[in-house]
Amino acid sequence: MDSLIYFVLASVTVGGALGVVFGRSPIASLLFMIASLGSTAGIYVMLEAHFLAAIQIIVYAGAIMVLFLFVIMLLNLGHDYKRDIRGGLAILFAFGVTGGIGGLLASRVMPEGTLLLNSYPTGVSIDTEIAEKGIIGVIAEPLFNEYIVAFEFTGVLLFVAIVGALALAKRSD
Amino acid sequence: MLPTQVLFLSAVIFVVGTLGVIVRRNAIIMFLCIELQLNAVNMAFVALSRYVGIEGQLFVFFVMTVAAAEAAVGLAIIISIFRHYESVITDDFSFLRW
Amino acid sequence: MINPHLNLFIESGLFVDGNMNWKPIMPAIIILAPLIGFIINGAISLYLNRPNVNSKGESSNGLKRIVSVVGPGSILASFIVVGLNGFRMLLAGHPTTFNANYWTWLQTSDFQVNVGIQIDTLSIVMMAVITGVGFLIHLFSIGYMESEKGYARYFAYLNLFVFFMLILVMGSSYPIMFVGWEGVGLCSYLLIGYWFEDEEKASAGKKAFIVNRIGDLGFLLGIFLLHSALGSVDYVGVAENASGVFVYGGGLVTLITLFFLLAGVGKSAQIPLFVWLPDAMAGPTPVSALIHAATMVTAGVYLIVRSSVLFAMAPVTSALVAGIGVSTALFAATIACKQYDIKKVLAYSTISQLGYMFLGVGVGAYTAGVFHLVTHAFFKALLFLGAGAVIHSMHHALHKVHSEDDPQDMRNMGGLRQYMPITCFLMWIATLAISGVWPLSGFFSKDEIIWMTGSFAMAESSPFPSLYKIYWVMAVATALMTAYYMTRFMVMTFHGKNRTVDGAGSAIHETPKIMLIPLIILGFLSFFGGWVNVTPHLMESVIGGFGALPMTDWLHHWIEPVIAESHHIQLENIGETGHVSPVGGGEVFWAVLSTCAAAVLVIGTTYFKSKSLSYGVLGEDSGTISRFLYNKWYIDEFYDKWIVKPLGQMSKFCWLKFDQGFIDRAVNLSGRSAKGIGWFGSLFHTGQVNTYAFFLTLGLLAVLITVMF
Amino acid sequence: MSFLNQWNYFLALGPQAILTTFAIGILLFGVSRNNTSDEHQGWLLGRISLAGVIAAGIVNAGLYPFADRLSDGIVAVDRYALFSNWVLLLGSAMAILISISYVEKQRIQVPEYFALLLFATVGLMLMTASLDLMLVFIGLEIASISVYALATIDQRSPKGSEAGLKYFLLGAFSTGIFLYGVALIYGSTGSANLTEILNATVDADDTGVMLITGVIMLAVGFCFKVGVVPFHMWTPDVYQGSPMPITGYMSVAIKAGAFFTFYRIFGIYLDNIQFSWGTVFWWLALVTMIGANLVALVQNNIKRLLAYSGIAHSGYLLITVLANNTTSESGLLYYLAVYTVANMGLFAGFVLVANHAEHRVEVSDYAGLGSKQPFIAMALTVFLLSLGGFPATGGFIGKILILRGALEDNYLLLAIALVISTLISYWYYLRLAWFMWMKEQAATPNTEKAPEIEIPLALKLVLAVSLVLIVYAGIFPSQLIGFIETSLLKG
């Protein structure tokens, strides 16, 4: 059962991703993107990362994608662009290069990742910890101890983004 | 085993995102493909965190924040260029070259 | 018995007495004076360049006067201090090497370079030449550059050049020498391109710069290799450690010396990097005299003499040095035979003479190399300045009649003797000197190099005896050719009928005093300068007036401490040099023979060439003379068929096919192909984000493949 | 690791905190005033941001007694980080001084401009001080996002927007690759903390493909930021289109910050597995040095020229990452310090010649500068010579140190390539100098008379200080080298 659900979610994720790349209009691409992100959230649930799954839906698929949608609407980009996708030799080269990287990742890197993950004793799995403290608690502990500096500077990062966006979007004159 | 399968999935999504950046001319869709890449990274982190440790999920949290920040500035830049050229197709404004 | 007045100086400490602990006075002044001159002149030049100042002439005239005082004055101050120290060294007898470290320039874990100077017998000779000849050329420039726009700028550059040149010869280590080395290259670049409105001249400056860079590459790598091998890069340390680390004929020392040779070949315009020097003649003539004849181009020779210990241990490199030198000497001399540009002749002649110096240092005759360097500085500076005076006059004369003729083309000259008698006379001294006519300076220096080449070939265990024999033959041939082309140069310029366009000839006049005085001093030095180093054999023979002439072998003893170590190595490995030439005969015999040959060639060519050039004079002669004239035609034909034509063809071949055709094209081609690659590379920058992302990904893939497989 | 322990790190990040505070203050100040009417806002806010930089510098100096006290956690408190702070602060101070009259003349939104400039510096300083790849990433993103915005900030300039978009899209793309590398490293070593990565690789004689791939992707991310061939392609376009002071800032501060971090990660913490990335870096350094210098030969736009020059310098600096011994580390620090000063000085001159705008950016526009503005021309010539590595300028010492370091680890071929490419670079550096000094008469007469250049005090200061520093660093380098040697990571 699990593997069936995973198969469906994975198919939607990959299909959505391909839809983003080959979507005929920005809106279509965006909707494919949301589908892909949503099914990714499902995969997170299957990986027991409930908190991230929620964040994924709320922040990623929700807020950020809406921002995209808003801009696409604002710029009135709904219609189709024939010359949007590069054709001919370019796309062939693109497939070649990305295929090469994909091939390397799939044939060399990820098998080793499999071995590596298999080498961990099951006891180390974070599931027990999650069962003990709840997922929020488990994430919060390093976030507010080791990574407190990073967390604070994430605040600065968001502030910078706001200032930058304001400075750019504000019409001068 | 699920995490390893997700690891493979993340590789696939990453490659698809990369492909998108190379073949699309529309700045917004290129940006969406970059978001796909980030999503692949997130997937890898989550899959790995299952055994390696909780920090992986923490990193996803940071990556999402950065993605949000990038989205804000990136879309502002796209709006800004749209004001000048009435287009977001990158070929329409490739004046800086050679 | 010491003069009581002199004794007073000794007691008061101004001069040292015969003890060995010699210390220079105010050595910093020597370097700082030109620098201060540069700063003052540079400031004035910057001030004068301001657009609102240019309009009012009265203030700029006053400033110009300041420049005229400061420019040569700073060099004179430097020269006086050098002279003072030189005198003190003389009194000290066998002075110790003076080393002063001012501050640590560079220090890392194992690499230390101090900013310091070293004054020893070699560097003081170089300093004296640089400041002495430099001062005279500065003086000459006052007259020559009088009406030029960037007067102050010119003197600023010239002072800066002297400053860097002094650093080059005074530095106590190779890195400091490199600073001067690069600095003089920069100044040369600036001064070649001095008349910047001319596109061609500016590109000549660039060519000089690029070719010199190739040499710098060798220098830098040589320094680093030297440091890796010896752990030190200062002269004292290198001399101390070299014999312990390197073996005679070893690979490492050969490699290091090859790199240094590359540096020297670039700077001293030897085959195959000589192309820049003829082009460098685009600069003002005094600059050619100072930089491209007397001082900078000899830096390569100085470098080799400085590294004599290393070169003595590398017989292969030394043979290469000598081979490059003598080939360059012969090759450039053939080219000089066919040039019509007055400065081009001198440029090729300079290359040829530099070849002699390389030959000298290549056969282990380091003193002879330095000796020729010194005498060459005198007579070549004189020739260039004389040519400058001619060009100056020609320019003004042609300007007066609004002629577009080239003031540097010797075909437009002729018969200038009547208008510029003093210059002509002085130039003849220099010509005889460079041709090697006894008893002028060039005779002694060139003779010593040729002699040493021959005796090196005949040494007990000479490394490549037959090769050195060939060198010897080539060197002799070059000496004769030198006499030929220099005489041709003089005859075409000063003798025969005046060939300037109508009326211009009368406008030619003797140069002003300020330009003449340096010429006279240089003429004096060109005549007598060679007497400082005459080997005892010659001194006591007919050539030395059986000891009556005040000739010494002073320079030999003077330089000896610096190169003693290399002589020691040479003696150990190849034994005593032979005291015969490859075809027999003693030193005196060959000296007499060479001067006779040169003199005959000079007189002969002068006579015939002047006849053939002076049209219309022949018909007035009669009697025995007419028979002689008949013979003359015969000789002329013979001469034409067997000497002039083959020579001309060879010269033409060398010049057009090899120099212009091959090397010049190679230099241009390398530049153009670099640009072509650059242009091709820039094509990838299509401006499209997709392309850039594609190449980024491609790079990632390539890198991943590299690490994985 | 308790929560309270972390406060030490907040103290250690004092300079960053001060700059952040000042940036926010500038924004508030800008909001509180009706900015459109105020003509001298640039000067005022510029002074405030300069004060912020100086305050950060004072705090930075005050941190020296505390350096090396803390060795765990994700923030490094060491003299290396403090030294990189100096360089970054110097670069931003100069960028601010250059910007003042530019922003006034171009009517750029001043408060945002200066705030973003300070934020970018905060990000870079955070990045150089981090000991955790995640924190590196956050610092990098703070800096990058600020600079994306700064490149685009001139609303009237289409080229600025294009440059900003290109920089943004490719920068985000490289960020994706960078992050994927972090994920792979995290997976194979179990942590993103550099100390733990070091421990995990300590006896790795045959490291897995996953770690190597992660490391390479990480390296590609850095190579993109510093502009290493073939990841450099954005550089010329973005340099050309961005506002001139920002181009200067990019060429100096981003490069310096990225290289400081680059060296810390690869030279120190990934040193154990150098066998995996060494070959790649060797080739990248070679291709970068030769390629960039060759392409620079045909450039006529000074900003593009400087872009390729900057790429070439990245190639030189890559050698120090490769040959990570003490000499090359001091070479890296020395070189970056000198490069920052020289390049910033150069851009100060460019801004002046362009008359605080984006005109007159061709090499031929510099014809006759030597006679019209001798001081600027002289300063620019010295900076160019320093970039080319002429003796008696700071650049020469830097190059010597790099060369020496390379030879110590037997990278003879790279050393030769460095010297050769330096020789090539003379051609285009001196071409510009040649135009300034030699080209007076050859200037085309039909162009309209170039406007008289007024030099504002701030730019005079930048030019003079840079000039003095470059010459001083070339003639008396031992003090700086001595100071650098106390700041090394390799002790």
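Per-chain residue numbering starts at 1, and chain names A, B, C and D are given in the order in which the chains are listed.
Quick note on the criterion: a contact is a pair of C-beta atoms (placed from the backbone, for glycine too) under 8 Å apart; a residue touches a chain by one contact, two chains touch by 3 or more.
Model, not experiment: these values are computed from the prediction.
With centres computed from Cα atoms alone, the innermost chain of the structure is D.
With centres taken as mean Cα positions, chain D sits 26 Å from chain B.
Centre-to-centre separation of chain C and chain D, using mean CA positions: 44 Å. Rounded to whole angstrom, the centroid-to-centroid distance between chain B and chain C, based on C-alpha atoms, equals 65 Å. Rounded to whole angstrom units, the spacing between the C-alpha centres of chain A and chain D is 31. Within chain C, the positions touching two or more other chains are listed as 682, 685, 687, 689-690, 693-694, 697-698, 700, 704, 708. Annotation for chain D: residues touching 2 or more other chains are 134, 138, 141, 145, 148-149, 152, 155, 164-166, 169, 173, 177, 184, 187, 209, 213, 236-237.
Looking at chain A, residues 86, 90, 94, 97-98, 101, 104-105, 108-109, 113, 117, 147, 150, 154, 157, 160-161, 164-166, 168 sit in touch with two or more other chains. In terms of which chains touch, the assembly is arranged so that all chains touch all other chains. Considering their complex, residues 1-9, 11-20, 22-26, 28-29, 31-33, 35-36, 39, 42-43, 46-55, 57-58, 60-62, 64-73, 75-80, 82, 88-89, 91 of chain B touch chain A.
Chain B makes touch with chain D in their complex at residues 7, 10, 14, 17-18, 21, 27, 30-31, 34, 37-38, 40-41, 44-45, 48, 52-53, 55-56, 58-59, 62-63, 66, 69-70, 73-74, 76-78, 80-81, 83-85, 90, 93-97. Residues of chain C touching chain D in their complex: 45-46, 49-51, 103-109, 111, 115, 175, 178-179, 182-183, 186, 189-190, 193, 196-197, 199, 202, 205-206, 209-210, 213-214, 216-217, 220-221, 224, 228, 671, 674-675, 677-679, 681-682, 684-685, 687, 689, 691-693, 695-696, 698-700, 702-704, 706-708.
Listing the residues of chain B that touch chain C in their complex gives 18, 21-25, 27, 30, 90-91, 94-98.
The touching residues of chain C, when paired with chain A in their complex, are 690, 694, 697-698, 700-701, 704-705, 708.
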